[in-house]
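There are structures below to look over.
In what follows, chain A forms one complex with chain B and a second complex with chain C.
Here is the complex of A and B:
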């Protein structure tokens, strides 16, 4: 057994151990240093692990020297390794950005706790991604939920507390449903390991059709609440818009994605195509996904606050991912996973840039951010590239996933979905382009604005520039990435 | 109907789950919501532990002689639910702490009143 195989476990351990070192240290500079160093080292480990998995194929890693049905297992395939790299990279960029600006949003005394929560959050999300054991996933989900509530409430304003409570109640609802789903699966199969459950379930699903159907629906709704599936998204705009910008970026780009990935793992790993086709439950996901794509954008048009616009845009973008899952074809799921990657790098950049605008001008509403392009040209320029990707301009990842989703829906025979995708793109343009156009152009908008008067120093924008570069890279290298994902799905 | 009566543990736990779920969704009082959340979690614990019980067998604790695998109930669900209880306790504690802060901030723990306050 190669030492590289144990890197996923080392990644989680490094994150959790360094997290609990932070409250012992008083000096905030050292805390930030520990946070950066731990995340960088973890990213390097994830990169080496991805390279290893790419060369040698997927492997199972047992934890605690008990073999599979009794002990906990990690399953590291190409997708898991890619997600490990993506999560650690995006988290590193967000932490790098937050180092310069976090004092402006939260109290000095809370900084140690904030970085503690971020490290625990990333560790638990990676646990959800790597683990092959359903109950272990559940525990990581709960740890992640509490930590993400913590990163919202750390700002300690009245509306934060309200948003956090709403988020906590909805999440508890979701995790209660997930636990019940696990209970059903355990009572039918007697296993908690995904591979073993699948092997048993394929043999016996015709004996307990109702119980299997109920457990599928419990998982879809439970994880749908947590990953903002359309009618269950109402906690998201409050939570994501009131949190500090760096937390919003983590919540929107990573936290939701881990739960979607778990849903993909459960639907296609635990149940498998035969059972899903037998009950035709994927249509629910498909319809809710398409509704979310349209309604999320419609809600976003009516928002006045820039962070709420981006938060509702997240609801719409999650719709694309659910659409890909709901198509039920190999291509559809690969595009859903590709969209997870593209959306994670784009949305984190957008949230950080919106945070930078709010921080420098002190205004949150769109009306007061007109003419921002003259005061902060680089910030709005980067924002425009992200917005173009969301709208779907060629080469950028947003376009690639829309294009392939259309192809996948033609292949699946649902041509009506192309209309939904086109409509959703147009609606995206309706709410993103006014931000950019009113920012750069218009006589009355630019009146009295001094060129570059409020721009952030270049070094503070470097992490966002890296995110935008990686976004463009994801777009250019999309063919290779999608091939790799579909290889991993086999 | 007979199936429901034979599996009365499961039936009871599903009814409890429904009660907890309804309280969590429908009540406006935050304390009641948290109680509903606890009832829901407890229902899942009951369900799991009932699944692990084999009638007439001992708890999986070895006193004196080891009776062999057949002598004990399935210990896995009980062990899982220990973790589940820890998780439930921590979320409850966190939710209660948030409720205290909400009361300090808004002077009320009725969710509909709090939502109205923002629109004023």
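Here is the complex of A and C:
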């Protein structure tokens, strides 16, 4: 057994252990340093691990002394390793960005707590991604939920408390449903390990058709709540818009994605295509995904606060992912995972940039952010690239997801879905382009604005620039990435 | 360009060197390599940014490059009273690059990518004045363009799902029409035709074009003459003859229905032009009608019509740019924009209005102007396809063209106006106007070189 195989466990342990070191330290500079160093090191570990998995194929990693089905194990395939790298990379960029600006949003005394929560959050998300044991996943889900609530409420404003309570209640409902689903599965099969459940379930699903159906629906709804599947998304705009910008970025680009990945894992790993086809439940995911794509964008059009626009846009983008999952083909799921990657880098950049605008100007509403392109040209320029990806300009990842999703839906025989996909991209243009246009152009908008007067130092924007570069890279390297994903899905 | 702070003279030199070098570079490429192809980035089988030069792209890119040079010099003077020249020239050059990209695109996805970029680079030019009205028109332009692009994308996806290949090839690339794929072909063709038709200002999607008249005159001239609307038509030609191929479109019988839409464009454009007081708007509606001619030639699907269509594409480009430049010159020197205001201006600005007159007569199509030549071929194409109605419509529309253009000339030359003293526009504006007018006249007198070249293109694709 190679030492590299244990890296996923090491990653989680490093994150959790460093997290609990933070409260012991008073000096905020050291805390930030620890946070950066720990995240950088786990990113390197994740990179090495991805390389290893790519060369040697997937493996199961036993934790503790007992073999599965009694002990817990991690299952590290290409997709899990890729997600590990994605999560750590995006988290590192967000932390790097936040070390310059976090004081402006939260109190000095809470900074230690904040970085503690971020490390726990990333650690638990990676746990959800890596684990091959449903109950273990559930534990990580609960830890992650509490930590993500913490990253919102840390700002200590009235709206944060309200948003967090809403999030907490919805989230707990979701976790409860997931737990019930696990309980159903356990009572039918006597296992918690995904592979073992699957093996048992294939034999017995015709005996308990109702129980299997109920458990599938429980998982879809439970994880749907947590990953903002329309119409269970209503907690998301409040939570994402009131949180500190770096938290919004993590919540929107990573937290939602971990739960979607778990859903993919459960649907295709635990149940498998035969069972899903037998009950034709994927259509629920498909329809809700399509609805989300349209409705999320429609809601975004009517928002006045820039962060709420981006938050509703997330609902729409999650719709793309659910659409891909709901198609129920290898290609569909590959594109869903590709979209997870593309959207993670894009949306985190957009949230951080919106945060930079709010921080420098003190304004949140779109009306007051007109003419921002003159005051902060680089910031809005980067924002425009992200917006172009969302609108779907060729070569950027947004276009690639759209194109492949359309082809996948033709292949799956649902040609009508192309209309949904294209309509949604058109709606994206409707709410992203005014931000850019009013930012850069218009006599009234630019009146009294001084060129570059509020721009952030280049050094503080570097992490966002990296995110934007990686976004373009994801677009250009899409062929390789999608091939790799479909390889991992085999 | 945007980052370097030029002073005015340096910037002008830089821009002119840029556009002239561009032309020289193009000509060298054509001489040295002839027809070549380059894969810029090949991401996968569909996302393949691929450039390929054939005769059609040579024709279009030369037209673009030459007119761009004239417009550059004209704009240097004209933009003085509009201001923000730095921004203007930045996007002006970017648009040139993108338009050349459209000309050279070797497959549909590259064409689509450049087509989207064209929207993005022309948008700042359209809203150059930054006034509320400009932003409103710009928004309209953007919405229409994005809707058009979405239709194109829809058609492209449907097409790709059948063929797995969208490289341009003369005579088309599609497998033969069968009962099963008929509806998919039909949907894909119509959706792409309408999508590109948005930029070519086909009637239900035309209203962005008059609205975009709020742009500075050089921009309107370019939008009308070459850059935007002609890119739309160029894309339709590419899509019709190089993806679908004339044979399949004929079998689909889709061209008959589209020709009805186009005839409506021709007539409605002319009728609406009659009512416009504003000179630029009158020219804008005239463009809608003239673009109908070009598209008619495309959908008739025979060689004569196609030759006429390409000829008219070039002729209309040259004529319209002269007309716009003249109107711009009047606006620049006198600030007047409406027909009723320009009484007697022909005496004070004889060269400008003279050129306007020549261009107007060419557009109406009186022999021996170049407008006559292209309309002749179009009419012949209409007869070849066996429909008497098309030549009749062309004649009727020529009459309407006369009705909306001649009053301008009579107002200018034969009516007495107020006796304010106005001089001709500065040389930088006048020279481009005169030179393009000379080209127009020469093309009317000696059209054979061009016709031979275009007939070569036509014989290759039909």
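Quick notes on this one:
One rule holds for everything that comes next: the second predicted complex is superposed on the first by the 490 of 490 C-alpha atoms of A that agree within 3 Å, B and C clash if a C-alpha of one lies under 4 Å from a C-alpha of the other, contacts with A are read in each partner's own complex, and residues count from 1 in each chain.
Criterion: a residue touches a chain if its C-beta (ideal position, glycine included) is under 8 Å from a C-beta of that chain, and two chains touch if they have at least 3 such contacts.
None of the values given here were measured: they were computed from a predicted structure.
In the superposition on chain A, A:410 contacts chain C only, with no contact to chain B. With both structures placed on the common chain, the touch criterion links A:165 to chain B but leaves chain C unconnected. For chain A, the partner that touches more of its residues is C, with chain B and chain C as the two candidates.
By the touch criterion defined above, A:437 lies against chain C but remains apart from chain B after alignment on the C-alpha atoms of chain A. Contacts of A:425 after superposition on the shared chain: chain C is touched, whereas chain B is not.
When both complexes are overlaid on chain A, the residue A:478 reaches chain C alone and has no touch with chain B.
On chain A, the surface touched by chain B in one complex and the surface touched by chain C in the other have no residue in common. The residues of chain C lying in touch with chain A in their complex are 41, 43-44, 46-47, 49, 109, 112-113, 116-117, 120, 123-124, 127, 129-132, 135, 138-139, 142-143, 146-147, 150, 153-154, 157-158, 160-161. Those residues of chain A whose C-beta lies close enough to touch chain B in the complex are 135, 138-139, 142, 145-146, 149, 153, 158-159, 161-162, 164-165, 168-169, 172-173, 176, 179-180, 183, 186-187, 192. Interface residues of chain B, counted against chain A in their complex, comprise 10, 17, 20-21, 24-25, 30, 33, 37, 40-41, 44, 47-48, 51, 76-77, 80, 83-84, 87, 90-91, 94-95, 98-99, 101-102, 105-106, 114, 118. Per the touch definition, chain A reaches chain C in the complex via residues 388, 391-395, 400, 402-403, 406-407, 410-411, 415, 418-419, 422-423, 425-426, 429-430, 433-434, 437, 440-446, 476, 478-479.
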